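The data blocks that follow each hold one structure.
After this come two complexes, each holding subunit A, first together with subunit B and then together with subunit C.
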Partner chain A sequence: MLIRAKATTALLAACGLAVGGCGGGGPQSSSERITNGKVVLAVLNDQSGVYADLSGKNSVEAVKLAVADYQKKYGDAAVAKTIEVVSADHQNKPDIANNKAQELYDRQRADVILDVPTSSAALAVATQAAAKKRLFIAVSPATTALTGKACNKYTFHYAYDTWMLANGTGRTVTQQGAREWYIVYPDYAFGQDMEKSFTQAIQSAGGHVIAADPTPFPNDNFSTFLIKATTLKPKPQVLGTMQAGGDLVNLVKQYNQFRLREQGITLSTGLMFITDIHSLGPDAFAGTQFTDAWYWNFDERNRQWADRFTAATGTRPSFAHAANYSAALQYLEAVQRAGTDDADAVVTAMEGYTFDDVFARHAAIRAADHRVTHDVYLAEVKPKADVTRDWDYEKIVQTIPADRAFRPVAESAAAGCTLG
Partner chain B sequence: MSDFVQQCFNGLVSGSFYALLALGLAVIFGMLGVVNFAHGSFYMLGAFSAYIGLESFGVPFWVALVAVPLLLGILGMVIERLLIHRLVDLDPLYNFLLTFGVALVLQDLMKRTYGVQSQPYPVPGGLAGQVNLGLFRYPAYQVFVLAISVSVCVGVWVLLTRTRVGMIVRGATERRDLTRALGVNVGLWVTPVFGFGTALAAFSGVLAAPMRAVNPLMGADLILVVFAVVVIGGLGSIVGSVLAGFTIGMLQALGNLYVPALSQTLVFIVMAVILLWRPAGLFGREEARA
Partner chain C sequence: MIRWLLTRIATGSPWARYGLLLAGLLLAGSLPWFVYPPVAMDIACWALFAMSLDLLLGYTGLLSFGHAAFWGGSAYVTGVVAIRSGLPFPVAVLAGTAAAMLLAVPIGYLATRRTGIYFAMVTLAFAQMLYFVANQWRDLTGGENGLQGVPRFLPGVDLSDPFYFYYAGLPMVLAGIWVAWRIVHSPFGHVLVAVRDNPARARALGYPVVRYKVTVFVLSAGLAGLAGGVFAISHGFASLEDVYWTTSGQVVMISILGGIGTLWGSVLGAILVVRLQDALAMSGFDGIGIVTGSIFVAVILLFRHGLWGTTRDLLASARTRLDAGRLAGSPHTERPHELAADGQVVQPQR
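Let's turn to the complex of A and B:
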């Protein structure tokens, strides 16, 4: 190891001599600017379980696209000359995520860990990031604890969170006139978090939650709750479901069979990925409103990136894929600005930075709680008749501007985040 | 009142799947003494075959309902001949591990090919609407599921009690050695019974496709409850597993409504209590497992 480190230092010194301005602007200290001579991006996510399709291995491909773009943009001037992308499967288990994160930081020398779906797993990785003083950009977990009591100097929260979903869907749908809600949520941390956030958002918009029921997880028969929805007094106008994955599909199939929409109870989903719509076909969801962090067919810029992604993976990107691309790119840009991959310097380069890329529009990295804010979208599932091409499932009803899409800093501070 | 009846009805629909799956498990256990852990995978394969049939070959639901159990029944027999058969004489633990392995292999094969996302499957044309059951309206397809499940359970019961084949199977289930001593070639029936059990699982899989998420994990999620059902009914008891299937379905539906926090554990609490009270299950006889 020692010999290798010396060799890299020598190599870097040579590079510094040969290419005068490489990474110009960065601090030209005597210590090595890129530790181990390379920048290591690690994608830690679910590669075989329920979240494998919406993020999984294809997020690794997305990160590779970001590396290619960075290298193309800076060429010889790139601070990170050698970039390595590694990945690991955490199987959505916090203990495995904890071990893998340790291994990635220590043995694989990861400079940053990306993605990490499943909130409990992400919280474990955030703890490791703080202990190892290395970066963690949480892309696909949902919990606001990452910018609340679990926030730390090295952890950033990127794509979405429960507050953003509840605010986008709960508040907007209530404001559109559907005031009476019945909420069903899976009985685990994410579901309970979502139920709380939605109830708050609905009430603050002048709506009313008639009842909120926890459901078993996993569950394949939702008829108990669907029938209860029709017998509640007053009658709910919206059934808000916080289910995800297979449970969401079960619920929607049965919602359609019980004809709740015909009885005036519309469906609103807390968290939905485009892969969910794809698995049931658009008709099953037609008219359902939900908050999306990004949609591939939103504009020409998104479509161009989606085509590149499709060429690499054979499938259309979910917002998690685009967000992983963006997070990797912004990390590398921060390394470029800092002139080093030293974690503290990169954190400083990221804090307060504003940018605009294919995923994150009008984006900013808040220094106070490390929430990355960007525009998000209220989307509606198109009926099949309106679908013109494969995966063309969403109509963007409304863009929720970045400064109103996420939890205000004051609330993060109240939730226990003391970075700022 | 009508609410309560309706919730019971929900439970019976869930119970339909438990009963069909438990029935298959019970026949297999009775005949082979094998706790078939791969049972949930055959349920999953049933739903997937229906989906693949429709998607790639345009096979309608009704054809799939007959053809898929036949095909997967044959696959079951092949697996019995090639693998399970070889371990039957050893400690039951060996087949327990083997079938568990088979379940993982089948599940991961489907995961590899189709990913973990659910696949779409429409409700068959004639059953898309709702029917009026007097007290309330109910989705036609779910009424159909209940009706066909009850018919199949009754059919299997008739087959087992009124035919010669059934008599041999029951005889072999209860006293394998004695049946053999009476000159019946028990071994001859082992493979077909295993095939029949897996066909029942496949059949419930096809039934599940229009109303449940079709994905590689659907069987694994369900099978745990089905094992509890079989234990409650009495391992190897055919009537017991069917009745326990419907009862547990109802219990879960009502549990969801009145004690949501407990609904997932309810089944296992009932199982524990019943095992304390009757170690062989409700309808099981301890001497049956000699």
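Let's turn to the complex of A and C:
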């Protein structure tokens, strides 16, 4: 039945192609305000691997919340009358992400792809977005290449990036007196970029990176690197780990087993999600400072949204969940302003827009490099004794205002981004 | 009607063969009308890849468990050439093919000194070496990120739509399939079968066995490289997955599912496996490995000679019966010589 339906669709599509001649692409009449009669939001992320907890299927729920909010706000006046949310699992592999993105755009008629953790996968999706001329809002990948040499008209970078993390964590920790660093990073686009950004931030704050080692990704056993940390000369004061998700959890477990903290080597994490703290318990991380893009228990507005999210999923939101909600909402708002889901019109509606929502405070979408800027936070993990309720793991030390939190436009241009 | 057709096929009538060939070409030409065009291209590439393996496994009795080295090696070379030179894609693919064949010379020279499981392990080891080279040589291959944004350039033609690219890539694959068919049906191919069945006797007859093995290894690598190059252009991407051992494993599986020593079985196997993976992925089902694995086990248990091989065996027994009937009438009917060589039961060597 399904196969027959598919064959019929394929046949119809093929007939359409034959009639349309060598025009290529799907037929699009300009009078049609919403292509295919519906807006399709596609969430492409890791649904079973090391990044499944920090984003995964719950991000699909977050996007559904955004759709509900959009429909409630505009009712009959909504430009996007029918909204469909689809999702796919890219298993953190760039080749699978490449194929899935192509399929989402072609077969599922996705108007926008959201999320895509794992930088290497995100770069592949950005290439597809440019080729298919459809939107990609990169929510949970971190590489600054998305607003550097890989930037393009249809790609936006939403929640955070390696520059923002290094600027928050690397600089602050170094200025607090931890000058000697040993960095370990996962050996793919994200880790390589993190290592570069952190080294820059540490050096500009007067610190020194003794050694930086790549690790396989994903990886279970970090003992080689943990032993090496103790034998380095001079002895590092900080072990800077750029691992994320399940890898970070593994590394921290082993860091505690090897008792490095007792040997005077403190831990600093490049990227941490609240789901990581939850899976090991706050004591494993207590005192660790890190940069957070959003915290659910920051204020009343966040708590209210977090409660809605918890009602839908049974767990507390990480910043990636909130950012996916926000990205979907802002995309739909842009469709509303543009009056169509035509990709070029939506891009124009998004560029230069300033807004403030539950995730993104004092936010702006930069036209020059498509970086979305917003307030970010320097957070510290509370010791277990201070945790008063479930998931209440963080103390916000300082708010880094939106205009200082992200890489300046000039640096993006220097990195090779030539939009507009 | 069908009975008549089957009878023609079973008796090896040339008209039936042309009919089958025409049907095959029609299927190849109309594939992207029925399946998603990139998937259609995948089927074509995997079919040629499996065929290249079948040259070794089915016709020479050598199980290569490192064919991903040639498929993926060519994918990287094709990608690098296409990105850096901006030449039309067929040139890039041919460069990849040539690179795969060059790579196959030392590997084949060393690996063919051994047979059976040792041969498989040596090829696997070389493929894994290439995997780590591709992983570490980041400037050239992009390491874990893969080689992204491989262009599909052909002067004067817009190939951005995968539907049109299929028709641009298909002739290259068909040419590869034709080469494989020529190899099998040449005197060289017959010597290969002799080497497979009894290497000592082949040597005694004066055939340089090792040289034959190395030659077919290099040819096979070239065809795998051709398929890998088209695959990389089709996806606009070359990744570590292409040189990983799972890719070597998948092509062995496709070849065995279709039936080794049959060539055309590889096409059946590729259609089955690629379509199945696509359908399962689209339905959001996670256990792709379980389903393809179960089918593999079932085919091995029930159809010893694969899908094509079993069909051919059934037709062969039908032919024997027909021949028996005809022999009663006219005692001088000869069985076609070629089919006798081709229709043998394949027993890969240890």
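Here is the rule we go by: the second predicted complex is superposed on the first by the 361 of 420 C-alpha atoms of A that agree within 3 Å, B and C clash if a C-alpha of one lies under 4 Å from a C-alpha of the other, contacts with A are read in each partner's own complex, and residues count from 1 in each chain.
The working rule: a contact is a pair of C-beta atoms (placed from the backbone, for glycine too) under 8 Å apart; a residue touches a chain by one contact, two chains touch by 3 or more.
None of the values given here were measured: they were computed from a predicted structure.
Of the two partner chains, subunit C is the only one touched by A:102; subunit B is not.
Which of subunit B and subunit C touches more residues of subunit A: that partner is B. By the touch criterion defined above, A:94 lies against subunit C but remains apart from subunit B after alignment on the C-alpha atoms of chain A. By the document's definition of touching, neither partner reaches A:167: not subunit B, not subunit C.
Shared-chain residue A:225: touches subunit B; no touch with subunit C.
In the superposition on chain A, contact of A:250 is made with subunit B only, not with subunit C. Within the superposed three-chain model, A:324 lies out of touch with both subunit B and subunit C [touch as defined at top]. Looking at the shared chain after the overlay, A:123 reaches subunit C, while subunit B stays out of its contact range.
By the document's definition of touching, neither partner reaches A:144: not subunit B, not subunit C. After overlaying the two complexes on the shared chain, residue contacts for A:131 are found with subunit C alone; subunit B is out of touch.
Subunit A residues in contact with subunit B (one complex) as well as with subunit C (other complex) are 48, 187, 217. Of all the residues in subunit B, the ones that touch subunit A in their complex are 3, 6-7, 10, 13-14, 108, 111, 115-120, 122-123, 130, 137, 139, 141-142, 208, 210-213, 215, 217-218, 221-222, 252-253, 256-257, 260-261, 263-264.
Contact residues on subunit C toward subunit A in their complex (touch as defined above): 32-36, 38, 143-146, 148-149, 158, 160-164, 235-237, 239, 241-242, 279, 282, 286.
Those residues of subunit A that touch subunit B in the complex are listed here as 48-54, 187, 213-218, 220-221, 223-225, 227-228, 231, 245-247, 249-250, 253-254, 257-259, 275-276, 278-281, 284.
Partner subunit C is touched in their complex by these residues of subunit A: 3, 7, 10-11, 14, 17, 22, 24-25, 48, 89, 93-95, 98-99, 102-103, 106-107, 119-120, 123-124, 127, 131, 187-189, 217.
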